[in-house]
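Presented below are the structures under discussion, each in the form of structure tokens.
What follows is subunit A paired twice: with subunit B in the first complex and subunit C in the second.
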Partner chain A sequence: MAGAEVTEVAVVGGGPAGLSAALAARQAGAKVIVVDENAAPGGQLRKQIHKFFGSKEHHAGRRGFRIAEELVAACREQGVELWTDTLAYGIFDHTLGIVRGGTASTLAARSIVLATGASENALAFPGCTLPGVMGAGAAQTFINLHRVLPGRRALIVGAGNVGLIITYQLLQAGAEVLGVVEAAPRIGGYAVHAAKIRRAGVPIYTRHTVLNAAGHGELEEVTIAALDENGWPIAGSERTFAIDLLCLAVGLTPLTELAWQAGCLFEYCGPLGGHVPLHSEDMETTVPGLFVAGDMAGVEEASTALEEGRLAGLAAAAYAGYRSPNLEEEKAAARERLQALRSGPFGEGRYLAHEEIVRRWLKWRDAR
Partner chain B sequence: MNDDDVIICRCEEITKGEIRRAIQAGATTFKAIKKFTRAGMGLCQGRTCRRLILQILAQETGQTPGQLLPGSYRPPTRPVPLAALKGEKP
Partner chain C sequence: MEGRPVAVIECPEEIPCNPCETACPQGAIQIGNPITRRPRLDAARCTGCGLCVAACPGLAIFLVKEEADTAEVTFPYEFLPLPQVGDVVTAVGREGQPLGAARVVAVRQVRTSDGTWLVTLAVPRALSSEVRGMRRL
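Our next item is the complex of A and B:
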């Protein structure tokens, strides 16, 4: 075990939420260390080669990986320490157990921001463990980070934004996409993305499911079927595709292990992806000095993760004794941007869900 | 392939049938299923199978996902070489 390190604010996860939190905390004056298990910081932004949309203050028209590059550059310029290839394997009060360079050590901090993101949901069907069946995010890592095509003929499961975007990016990478299979009666993702892949000639099979996958040692074919009103496969509607890649884009689950270990109170919240830690408007959990941001606090988008990170970073710095001179104004501005991002038919459910999580946190605080 | 033969926990190679049988035998929480079958005890610590197991549990017992707890989480949350942990406790 190597020596123990001490900082003022520690951030776990160097994605949009973590980097944004680190930058905000650093700008408030705190000494900040970010730990990230990957070789390079940036999280999922590094794989996002498509342009964001919305308004200018939400990075509209800019590609995710460029936003990551700028955040990383800003963090470095401000003096945030970015520890890559560093695992946070546990949390013990205000100390993280980490493994860096093959040895375990500890990182103690006055306040900690958990921004660990989310993991992809799996589906269980006969043949689901065959090589060639993978998460959409995994396929995106292959093509956009490593420039490796994981298959030539693909089928996608899930017509949410992740499924629609991976479809288009696989096409751009030179694969053939035979269709998108969606169990719901309608497309879940943005119409802009859906229109793009429909124009490219990719059919979207709503009210359909994967029955099974088959192959000798690797994926060779997948059979899908239409679903009736009760969600049961309709006999005779089966259709088999000869493919070597099946991407599962069936949602994400917040990665909350460290928050559970720390003793945070949780609430199950379907629209946010599962159990999420109760948190305040400032993203503080029920463990004083422990903050959360981004997908681990409820699965949303990179743009909301950036704002939540900012709130968490400002509050974590204040907890550590570094109050930003314009703290209240900065927090109010970030909350306003968050609310704008959570408006409309796509955002409203998440807005209400977060409101409920905050209400529960307040109830917990008042009962103390 | 029979539905019962579908592997749910890849790390420990536990099938849907084994999980259903565990539930029928009285393992009606994620924690109990884990102890009964070893599902979720492998390298990924349930990251892939936890949600699938909770879905099976919800179906078999008529509960909603919100009523089910995901079990306990202990360090290490990620695979860590034992050599790295050698020495005193943090």
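Our next item is the complex of A and C:
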């Protein structure tokens, strides 16, 4: 094991939540190191070539990859250390086990922010392991990071925002998208995202599912079917598409391994994507000095990840002994912006879910 | 609003988003608090500059200019290759359905574009509230 490193605030994950946390903690005066397993920081923002929703404070109207560039530049300017190609494989009290540049070592910190994001859900059906069947995020990595078209004729599963956005981006990359298949009776994503792809001539098959995929060594065709009221395929409604790409956009699950290992208490929360660590309004878990932010604390959006990261960063710095002079005002402002982002019919469920997580954290604290 | 282009906002849901309000130099678009409110346009103040069209992340804003018999519809366009002024393309509606041939009268970018083009098609006036895009080339 190489030499152990020590910092004041360690952040795991260099996506919007992690970079925002790092920046806030650094601005409060703490020495901050961000570890990220990827070759470049920015997380999923690097693949987002579309303009973001939100307000000016959330860089709205800016393309996601540009937001990543700005955050990384701000971190570098402020003196945040960004360790890329660095995997955090374990957490032992306030010390991270890491593999950096192929060498195992440790990183000890007074406080730690986990901003590890989420992973894509899979879907099981005959033929789902054929090459050509992949997560929407994988397809996005191909086209937007590596500029490689993973297929020429595609079908998308899932009409949430991720499915609608990958459809549009595949069209931009030059693929033909034959349709979006959605098991629910309604489109889950924003109407404006759906309108973009409908104008481009892509049909959305609600109340439909994938029956199977087939091909010799690689994806050649996919059969879908309509669903009845109980969610069973309707005989005779099958329809087969000759395609070489099937993208699955069927939700995300928080990546919480490190929080489990650290002994955090969890709660299952459907609207937030699965098991999420109980956390306070300051994003502190039930393990003192361990904070969470972004999708791993409940799957939402980049804009909410930025605000949660800010809260976690401010609190982690305060825990490490660096109280921002306007700490309470800054936290109140971030909370207010979070609440605004979680208002409206799309945000309300997530708002209530987060409230419940915080209520449970308070209950845990009061019972101590 | 005859004779000059005016923004048409097709933003049906309460989502947390307000770049259109920020982009408008005339203060013609209002969202306010909370930012999930739907945008309201004061058409009298709209100059048809197109900054909101390129700024809208949902590509949900268009410009419509109506004359006696003809109209011009401007929409955001993010596909390559780009059409050229003078090209005759297939105008499409909200469902991507073809609505006939239309001549491209402008292809431009504005300050808020960052890669998003504004394409303007000349269409019959009867189609001014139907045409919302063109078939990809």
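Keep in mind that, in the parts below, the second predicted complex is superposed on the first by the 368 of 368 C-alpha atoms of A that agree within 3 Å, B and C clash if a C-alpha of one lies under 4 Å from a C-alpha of the other, contacts with A are read in each partner's own complex, and residues count from 1 in each chain.
What we mean here is this: a contact is a pair of C-beta atoms (placed from the backbone, for glycine too) under 8 Å apart; a residue touches a chain by one contact, two chains touch by 3 or more.
Quick caveat: nothing in here was measured; it's all calculated off a predicted structure.
Aligning the two structures on subunit A places subunit B and subunit C side by side, free of any clash. Once the two complexes are laid over each other on the shared chain, residue contacts for A:341 go to subunit C alone; subunit B is not touched. Contact with subunit C, but none with subunit B, is seen for A:60 once the two complexes are overlaid on the shared chain. In the superposition on chain A, A:172 makes contact with subunit C only, not with subunit B. With both structures placed on the common chain, the touch criterion links A:193 to subunit C but leaves subunit B unconnected. Working from the superposition on chain A, the subunit A vertex angle toward subunit B and subunit C, CA centres, sits at 140° in steps of 10. Once the two complexes are laid over each other on the shared chain, residue contacts for A:231 go to neither subunit B nor subunit C. Of the two partner chains placed by superposition, only subunit B is touched by A:212; subunit C is not. In the superposition on chain A, A:349 contacts neither subunit B nor subunit C.
This overlay, made by fitting chain A, leaves subunit B and subunit C with a least C-alpha separation of 29 Å. For the contact definition in use here, the subunit B contact set and the subunit C contact set of subunit A share no residue. The touching residues of subunit C, when paired with subunit A in their complex, are 10-19, 22-23, 33-36, 55-60, 78-80, 92-96, 112, 114-116, 132-133, 135-136. Residues 1-3, 5-8, 10, 16, 45, 47-52, 65-66, 70, 72-78, 80-81, 83-88, 90 of subunit B touch subunit A in their complex.
Every residue of subunit A that touches subunit B in the complex is listed here, in rising order: 1, 4, 37, 87-92, 95, 97, 99, 102-104, 106, 119, 121-129, 212, 253, 255-258, 260-261, 268, 270, 274-275. Those residues of subunit A lying in contact with subunit C across their complex are 50-56, 60-63, 66, 171-172, 190-193, 195-196, 198-202, 303, 340-347.
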